[in-house]
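Order of writing sets the labels: A, B, C and D. Residues in every chain begin at 1.
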Amino acid sequence: MPMNEENTEFRPLIVAFCCNWCSYAGADLAGSSRLSYPADVKIIRVPCSGRVNPMFILRAFERGADGVIICGCHPGDCHYSTGNYYARRRMALLFSMLEYIGVENGRTRVEWCSAAEGAKFSKTMNEFCEKIKSLGENVRLGDLRCKN
Amino acid sequence: MSFTNVENQVELIKEISGSDPYKCMKCGKCSASCPSYNEMDIKPHQFASYIIRGDVDELLSSKSAWKCLSCFACIERCPRDVQPGKLVDAARQLAERQRGGDHLQADEIPELLAEDLPQQLLVSAFRRYRR
Amino acid sequence: MQRIGVFVCHCGTNIAATVDVKKVVEMVRYEQGVVFADDYMYMCSEAGQEKIIEAIKEYKLTGLVICSCSPRMHEKTFRACAEKAGLNPYMVEVANIREQCSWIHKDKEEATKKAVILARAAIAKVNLNTPLKEGESPVTKRALVIGGGIAGIQTALDIADAGYEVDIVEKEPSIGGRMSQFDKTFPTLDCASCILTPKMVEVNQHPNITLYTYSEVEKVSGYVGNFDVGIRKKARSVDFDKCTGCGECMTKCPLGKIGHIPSEFDRGLKNRPAIYMPFAQAVPAVPVIDRENCTYFKTGKCGVCAKICPSKAVDYEQQDEIVTVKYGAIVVATGFDIINLDKFGEYAYNESPDVITSIELERLMNAAGPTGGHLERMSDHKQPKDIVFIQCVGSRCDNEEKGKPYCSKVCCMYTAKHAMLIKDHWPDTNITVFYIDVRTPGKNFDEFYRRAVEQYHVNYIKGQVGKVMPQPDGSLLVQAADLLDGKQIKMKADMVVLAAAIEPNPGVRKIATMLTASIDNNNFLTEAHAKLRPVESPTAGIFLSGMAQGPKDIPETVSQAGAAAVKVVGLLAKDKLKTNPCTAQCDTLLCNGCSTCANVCPYGAITYEDIQVNDHGLRETRRVAQVNLALCQGCGACTSACPSGAMDLQGFSNRQITTEVDAICR
Amino acid sequence: MKYSYYPGCTLKNKAQDLDRYARASALALGFELEEIPEWQCCGGVYPLGSDEIATKLASVRALNYAKEQGQDLITLCSACHHVLKRVNDDMKNVEDIRTRANNYSDFAEPYAGETKVLHFLEVIRDVIGFEELASKVVNPLTDRKIGAYYGCLTLRPGKILDFDDPENPKIMEDFIKALGGTPIIYSMRNECCGGYTALKDPEFTKQRTAQIFEDSTGFGADCLITACPLCMYNLNKSDAKAKVPVYYFTELLAEALGVKEEA
């Protein structure tokens, strides 16, 4: 139930999967540097971008997320050597499939962000939010029972 | 477009120039590189501060706006990507867009003309000195 | 059914100023499984932890959710706290409502709302948490230091003195690094080699230190406590055991006089023979043959060095050798270089031999340098009368194609040093320093710089130089603006010295990748915490020393080197390390033995075994995956690759993450 | 090989030499300059303001014409080279300018920076090659010590013009070498001559050009070459003691190729 009902501006629901080593630390740096991004972004910590199972993304859209972003270490810098490469290829396939069923490509994104890139993290999230706002609410996979 | 207040002019200069005066760190490499330094009343490394402070009128009525050669030395060498040449050029354009801001009048031309004067000089001067 | 306690931290005002902490407590009180919720000023404080322990006992809690700062900060603290109260430490989840919420949002209502959602996700997850037990792995009691400059030398000495074996891998033929090139050091002006050479000798003689010079790290595998490192010992072409270091070969090499091979150590200001030691005090004092330039290797003719070597140590047949060594900890001390100045054509570095870098000046002033310590211009070998120093060449530069965004930190001080040393030797010299800011934070540093101005009358002018113009008469015309006087200046100089920006050694990226140690945009290694863990990489078992982590001077480098050594010793002192219990697990009922997981596992932790199963009365043998828990690092690559969903990751299971997604999207 | 050719105002008038020798030399080197019909003056100065559209349109038309011909666009004059390349860069990379400029025009399809703009010297360097040029020289400029005067507009901003290293160029020096002459390198070669201030401030340009002559002759130059009619004018107007003859680079090119008389 929304706590702030009089606010009619569209606020997207964005799920961000961040790997523990680079992008989650990048988000922490964005925080300690006070580089803001919209509260619409909620982060889920995973050990590695390669841990992100396509099921999680489908689940998010099914439950009404308007955008999903996966953040990992830069290519070559994966804490586990190769996880981000798998993630990149897996997501490329998933995103093209999602587009096929009508979830616009702009709603999904893979971004590399190192532990030192707080500014980049914040910038990426701001941009992504803007993009999702321009796309509007995601209705394609939304389970009607879960949304008012 | 009307220029009613200082903020408006500052914003216009930033927009026209596409450069961010806040990035300037006052290293002075522009002033060190400028061939017109001695001709200018406001020096290249000061452009950014004038815009930050909002002293746009002073910049618009300065000699500097007309003395920049557009040789791009400061733009090429600026370590902060502030590109003072762009800032002063934006100021010049603002001055010209205001009524009576032209630096060259048509009546002046015949007197200035020389036999072997290349067309390039005339068109460049017109571009730079007039709306 | 879990019995969960939720603890919301104010973190002073860090959280409470933007998040309505009381409201969060009220909002989560009725979430599934929650039996207790409270808030406190500082959850991580002793009193805060005491509160948690009491609640665990009083309410018989089986799971904890702490809404506080990043789990990267205090997850460990709260896990230890749970353990104290008899709760499995892996029954704790942290909702990050500081870095991800209160610090980046301004609107209190919005931030509170988000904090509640983050708490709910953590609560949902804890509902599915299971107690996990850490495994143990042994520690190899040997450390590797990559880089043999002052940083690597100091780290290695400190580790070795503490009683542990340590190896140094140095890619150059000698240890010593940049510092061995310097003349004097600030702020006390001791001679660099006088203080460095004894340390180099000590390294060479220390029973606990093994040197791999002219060697490079080629391959790294394993994990904290158990690294396997492949080291390539490049063929020196000189037998280590036979060579006495007499140097006869170097003096007789025909290329020494006519070869035009620029000496790397002297920054190209002098030539060297094809068989060479970088400098006289090299450690080890064994020459190498530069095979790319050596006539014998190019044409098969010559062989002078082999012929004249009194101990028959020259061996043209020597091959590169790769050794694999086990280590418990690795220190990266790869140091720095200065940037390439090709993009700073305005300073005529490539055009005029009299425009030099500061490191070249170090060599020119060094008694062991190309001019025997006599300062002279490379063009005409005359002593320069007017010298101009240009600061910040490529430092503090926003244009990434040309320079670096950071301050190189040491240039202001070494320039003051150069100015004073020159004035000491040749008092008639006129010295002008063009600066943007003079930055001298450090003990006795500003006094040092003021001495250059007050006692030596060095002329400091604020303003970056625009252009250096070589003149027909052989002088250099320096065009600048004195910003404080408001004048453009054209000044003649005999020599111009550029304080070129510092950059990490270009080889560090490759090494960082091998170590999976994170690295920033400028190729400096990232520390685990900028303030609290400045000498550790986020990757366990990897430590940082010296310029590889960021610009710093010698005193700072030595302190950091010691700090890294202490961290290494602390690690090696342990007999066993606790391993991450968040490992992969295979559900053998679902596994069909397809090998997909084994193909993506970066650690080779997955093997297969045949098991007997009873499938509805049908007995059959099935090939299923098995995870070696000692090798598994818990990345989860196998879990998302598994087509049948048999692989799952403890602590980050499919159900746990899905339930987090659900909680966020509720 | 045929190229679209944008001569610009001055080459049709006061700088006919620059043009005439270029055409003759091009034929000798095996390529042809096809003058764009109805070209309009580029304005001589690139309008720095990001909101200036009208002043860019003349260039856009020329660029689009070359695109329709499927040809690269060649310029000779430094100013045209500068303006055309920068406008082309805007059309390629600045969405706002591209959209607005296309809205003003009636092209069959929108122009988005497809044309490749080349300075005549770039064609010699990148397409013909200096070795090939050297092999076609019949009257080598032996014993000539030639200072290349680049000025500002051929080189800067280096990133967009992509002509040569803006601080230490060598294209004209290589060109002089190919013609058999000795290039003289001097510091003022990429410093501004004073440009259009010659109109209202001739004394200032005289100061600038005096420095250029002093520096170049100090290094031993017995003549200068330039690609810019305005530099040429300013240098010629100089009353410097160190003054030496100034030629368009195409004149020396035609001379070395033995086509000067035909031109």
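To be clear about the criterion, a residue touches a chain if its C-beta (ideal position, glycine included) is under 8 Å from a C-beta of that chain, and two chains touch if they have at least 3 such contacts.
Because the structure is predicted, anything quoted here is derived from the model rather than measured.
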Could you see whether B-C or C-D has the larger number of C-beta contact pairs? B-C
Measuring centre to centre with CA averages, how many angstrom lie between subunit B and subunit C? 46
Determine the centre-to-centre distance between subunit A and subunit D, using the mean Cα coordinates as centres, and give it in whole Å. 50
Indicate the whole-number Å distance between the mean C-alpha point of subunit C and the mean C-alpha point of subunit D. 48
Measuring centre to centre with CA averages, how many angstrom lie between subunit A and subunit C? 30
Set of subunit B residues in contact with two or more other chains: 73
Check: subunit C positions touching at least 2 other chains come out as 346, 467
Touching two or more other chains in subunit D are residues 166-167
In contact (per the touch rule at the top): chain pairs: A-C, B-C, B-D, C-D
Can you name the residues of subunit C that touch subunit A in the complex? 70-73, 96, 98-101, 103-107, 109-111, 113-114, 117-118, 121, 512-513, 516, 518-521, 526, 538-539, 582, 600, 602, 633-637, 639-641, 649, 652, 654, 657-658, 660-662, 664-666
Residue ranges of subunit C touching subunit B (in the complex, touch as defined): 346, 392, 396-399, 402-403, 436, 462-467, 479-481, 483, 486, 488
Give every residue of subunit D touching subunit C within the complex, in rising order. 159, 165-168, 185-188, 215, 218-220
Seen from subunit C, its contact residues with subunit D in the complex are 344-346, 348, 350-351, 401, 467, 469-473, 477
What part of subunit A is in contact with subunit C in the complex they form? 3-4, 13, 15, 20-22, 24-25, 27-28, 30-32, 34-37, 39, 42-48, 50-56, 59-60, 63-65, 73, 76-83, 86, 90, 114-117, 122, 146
